[in-house]
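By written order: A, B, C and D. Residues from 1 in each chain.
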Amino acid sequence: MLQCFASDYTQGAHPSILRALEKTNLESTSGYGTDVYCAAARDKIRAACGCPAADVWFISGGTQANLAVLGALLKTYEGVIAADTGHVSGHEAGAIELTGHKVLTLPHKNGKLTAAAAEAYIKAFYADENREHMVCPGAVYISQPTEYGTLYSLAELEALAAVCRAYRLPLYADGARLAYALGSEQNDVSLQDLARLCDVFYIGGTKCGALLGEAVVIPQPSLLPRFFTQMKQRGAVLAKGRVLGLQFDALFTDGLYYRLGENAVRMAAALADGLKAKGYAEHCPRETNQVFLLLTDAQYEALRGRVAMSFWEKPDAAHTAVRLAASWATTEEDVRNALEAF
Amino acid sequence: MLQCFASDYTQGAHPSILRALEKTNLESTSGYGTDVYCAAARDKIRAACGCPAADVWFISGGTQANLAVLGALLKTYEGVIAADTGHVSGHEAGAIELTGHKVLTLPHKNGKLTAAAAEAYIKAFYADENREHMVCPGAVYISQPTEYGTLYSLAELEALAAVCRAYRLPLYADGARLAYALGSEQNDVSLQDLARLCDVFYIGGTKCGALLGEAVVIPQPSLLPRFFTQMKQRGAVLAKGRVLGLQFDALFTDGLYYRLGENAVRMAAALADGLKAKGYAEHCPRETNQVFLLLTDAQYEALRGRVAMSFWEKPDAAHTAVRLAASWATTEEDVRNALEAF
Amino acid sequence: MLQCFASDYTQGAHPSILRALEKTNLESTSGYGTDVYCAAARDKIRAACGCPAADVWFISGGTQANLAVLGALLKTYEGVIAADTGHVSGHEAGAIELTGHKVLTLPHKNGKLTAAAAEAYIKAFYADENREHMVCPGAVYISQPTEYGTLYSLAELEALAAVCRAYRLPLYADGARLAYALGSEQNDVSLQDLARLCDVFYIGGTKCGALLGEAVVIPQPSLLPRFFTQMKQRGAVLAKGRVLGLQFDALFTDGLYYRLGENAVRMAAALADGLKAKGYAEHCPRETNQVFLLLTDAQYEALRGRVAMSFWEKPDAAHTAVRLAASWATTEEDVRNALEAF
Amino acid sequence: MLQCFASDYTQGAHPSILRALEKTNLESTSGYGTDVYCAAARDKIRAACGCPAADVWFISGGTQANLAVLGALLKTYEGVIAADTGHVSGHEAGAIELTGHKVLTLPHKNGKLTAAAAEAYIKAFYADENREHMVCPGAVYISQPTEYGTLYSLAELEALAAVCRAYRLPLYADGARLAYALGSEQNDVSLQDLARLCDVFYIGGTKCGALLGEAVVIPQPSLLPRFFTQMKQRGAVLAKGRVLGLQFDALFTDGLYYRLGENAVRMAAALADGLKAKGYAEHCPRETNQVFLLLTDAQYEALRGRVAMSFWEKPDAAHTAVRLAASWATTEEDVRNALEAF
């Protein structure tokens, strides 16, 4: 069975990452992210973000990054606004609630939280005379790209950031698949834009060519004092921190991160085009590395033994929506094999 | 400056681990620890523990393992008994308290919690007529070896386990440096003994030759239902779970884990002997891979620029205790270099 | 301005409660709910519920009862199913999330959670192959009467309880206004029914004639071991526990609790009838002690200076829904005064 | 058996409190502490504290006040420094840990935390190079009087406050028995001093003549923004908030609070003197309303059937220390009866 489109984390890491691990293997360095490779990676990320003073922290996974950041951003009595389809809303097993905070969900639009919906919610909260008995919105969560593989345009992001600033709410962007946003032909939001418009965001490694690791960027480091201790408390600090630093150092050398993103998007486009040509219907338009198909249940049953896909949802009794994800490692041959299997 | 004795996590991983990562790099596998390499590692660990039914989970670091396990073992109104020198007591930034649980500390004896002290505490709790206003002991935490590099003997462990069973308290052993216990010439506690006497324990990878990773073993898997979801909630699940499985698969192939432990212990013994021959005083007796020295402050100031050591404590105004740790990677040349620097 | 319909907690306590406090004032009793008055109240409540073995605990307020009970019922990885209009969902400032648990909201029907909606949700959860990454439903929360003053019929409650039992989920009923359910002419659910069908419920005092206090009933006491310690941890135990016991002793003497409920319902009916006769529109049908009116915004502006009402919601741009609550203390004269003010 | 010395919460409330409840019983007021009686009580407390701008909040019990205040004062990564004998350390069932915070215990001196011990601890923390892996001290907890009935002198309190200010740690005083400090002939710390030197403190009602209730005073209200919502989240807000306001209004009318304290202290002194005259040994010197006796075990066995006392501790195998507490309600006759029973 063709496995590689099941998700963008089915394979290992870009070879340059393995080379870096091997090359430095027997060097002795200090622990907990204080080594030279973490320092180098931080500098490259700061440069890429146009943010020389930013704090950059490496965390091993996305849920952990989300709970560490939101746990640090929110006061005990605050919740986080998110689209109802946001990763923190439904797919992290209640990690945010376990830190004590409600996820205040608003209806999504193509997977996105709109500035208008956020503003209406916040305004209604402040107009409600019972608001002291309610959860106070304390931050706004988005992801770029979204769970549906869609992108916030620069205009949309500017609008959302303007709402956040008007109400002094920090804006946090989950970039688990950020390479695939940056690599999209439809994208107009740069890393510098994210650093300018978000209060915290993370640059995803696990799904974008690393073995593991996410880089949390805090453009104004005074925002989250003692963040290291908070990471430690959540179990989010690796003793051999350089394992993460080395990977981001490699990803941010010679534009590798962008190239990996572009490859995945190109392969996803080829796959989507090929499937369209074969008569398959899109479940929603492809913008990044994920292709959502609308299959009849019969098609689904026939195909699922041949191609590993993610079940997405059942929009009606007779159809099944599925997701295929290209990745940094997907090859033209993988696409050809998939098209043959369909 | 000589760096490699600063801790047992200054270097990368055993070469066979890097080879395994490289060899499997472009294979597509399923995520979250459901892959064939995790399965193989689980089977090898079960065999090594003599526990064919055990649950085995891979977690990226020790603090995370401790908080995930204790968070799952303890009910909301329970605390965990530990030696006052236990890692969970003072060096995890309050991770256990952040999960809502008090660490009930008892005075240590050579870094160890004694069966007698534990039993006296538990008895006193149940005899106290105000116990319903107090934190109920819900588990016992130890580490093998301890923070002082000392070992529980089999007799000591049997005695502690007997107390735990008498009061129906699960016994949890933190094995961050377990290879160095297993590799000690003074050790009489096998993996099978741990599996027989503990309710949960973890086999440390990060400090014992892996890039990262700890293997949590639950001999009776019914003890912790839905542990995967609880790990997920704590951010303790890696999407590319195989990164951990591959490492433990390598460590438990052909007895590598034991050999790595033995090497560290042998190098530590050589270092300790050499230092004794040079007239240095031990701060406490070496049992595993860690050498604790008692230096005059003048010696400490002179040495600390030449050899990286961990400051341990100041036993009095004129002396400083330091720790030197040998590791899986320490060579005889490293020992010679250290002895020359002293 | 007429104040007494603003809520059902605007006035003090039934005179028999004040008399009991006065009569026993200088007696010395033991603390923390271990006194004879708490014991007497427990026995009367057990008798009223037909549940001689039930555990009964007194807690000072409703939010505290909800968080103490749900905090004790739910495992760390579980959430509670509730109607989106449930008190725990929106009006407790995130108290449940602060205990670490997600409120899993389902669309309400007249303020109620239907058995069909609950079952569909639970079934979908267990059918989802990603369920280990999601919040596991661990209990079901309802209130009798609901936030809209509506009542679960016995048939509805039986159906919901059947779903809960089929999936081994405890059913918890918040009875903040339970007297007004029991006193409703439309009610067919007795205290004995609640004790038979719910795993935990509480009998509200604060809003039903006491100064403060709620009585948590656990028909099978083995369900929540060490509940006292859990209450203590949440700050939910009063040193002078008899203050609560004395009140419930009075409320459950000679059927007072029922009579107070009946009075409120009769007065609410008279108010609703009078308002209907004056041409006012109901926002939803009255079933218990609360009258929901649909006013034009102009009416609302004119009335709100004369009669204290709770703003409820704005169903459209031109109308405002308000709530008037009769209580145990409402008199016919209060109703006449209100009707004159309208 | 003589019950009234078992604790200072064995009896009801001062009659003026019951009169106030009765007099206002049928008035309709707004809820949640927004009523006129709470407002009046706040003003009287502000005046007594010499703090016209202070925030004053009413909470039903001491553990709840402690967890609400410390939960609001501490950041997630902070703990609270307390004497090892402090109420939050051992007698609140882990309430502080359940809010996520470690209690950092230091050895007491006569039940007190000394400025020197606190400063040494804080200095050592900031000097420790591993401090980012440790719990950061975030507040200091004391009680006045202490668990041993001892008093901080003004000089001691000034010294402790100076340490707190030097390190920007808020100082919080638990005044569960504050009336008995204020009423002691040995006391030189006024309410105004507490308001000047502490960042938050509470004035105890439950143990000092009220049915229930503690008044939390925040001299600089900007210290704890949205404290109401945080109270609500913890279940610490009563719907009929006036029940608490009315009591503090009564206690702070015509100096009642002070008189109640003085009565208890006078009765405790008479009891202590009488027992001394009868040859009984003090376990520690009486400073406020609590008398600690050192009994032989034989004496204890003989007496415990005649006089209700609190078991305190067993200082050695042959002796038992017990506590007798006088209260606002203790009469000369009670003292005579006790002395006869001894």
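One rule holds in what follows: a contact is a pair of C-beta atoms (placed from the backbone, for glycine too) under 8 Å apart; a residue touches a chain by one contact, two chains touch by 3 or more.
Keep in mind the model is a prediction, meaning the values are calculated, not measured.
Student: Please give the intersection of the contact partners of chain A with those of chain B.
Tutor: Common contact partners of chain A and chain B, which must touch each of the two, are C, D.
Student: If you take the mean of the Cα atoms for each chain, which one ends up farthest from chain D?
Tutor: A
Student: Rounded to the nearest whole Å, what is the centre-to-centre distance of chain C and chain D, using the mean of the C-alpha atoms as each centre?
Tutor: Taking the mean C-alpha position of each chain, the two centres sit 33 Å apart.
Student: Where the CA atoms of chain B average out and where those of chain D average out, how many Å apart are those spots?
Tutor: 42
Student: Using mean C-alpha positions as chain centres, tell me how far chain B is from chain C in Å, no decimals.
Tutor: 50
Student: Any chance you could list the residues of chain C touching two or more other chains?
Tutor: Answer for chain C, listing residues that touch two or more other chains: 76-77, 92-94, 98, 100, 132-134, 229, 232-233.
Student: Show me the residue ranges of chain A that touch chain D in the complex, using the header's touch definition.
Tutor: 71-72, 75-77, 100, 132-133, 136, 226, 228-230, 232-233
Student: Could you please specify the touching residues of chain B with respect to chain D in the complex?
Tutor: 76-77, 79, 90-94, 97-103, 129-130, 132-135, 311
Student: In their shared complex, at which residues does chain C touch chain D?
Tutor: Touching chain D from chain C are residues 3-4, 6-7, 9-13, 15, 18, 21-22, 24-31, 60-68, 92-95, 98, 206-207, 211-212, 229, 232-240, 243, 308, 329.
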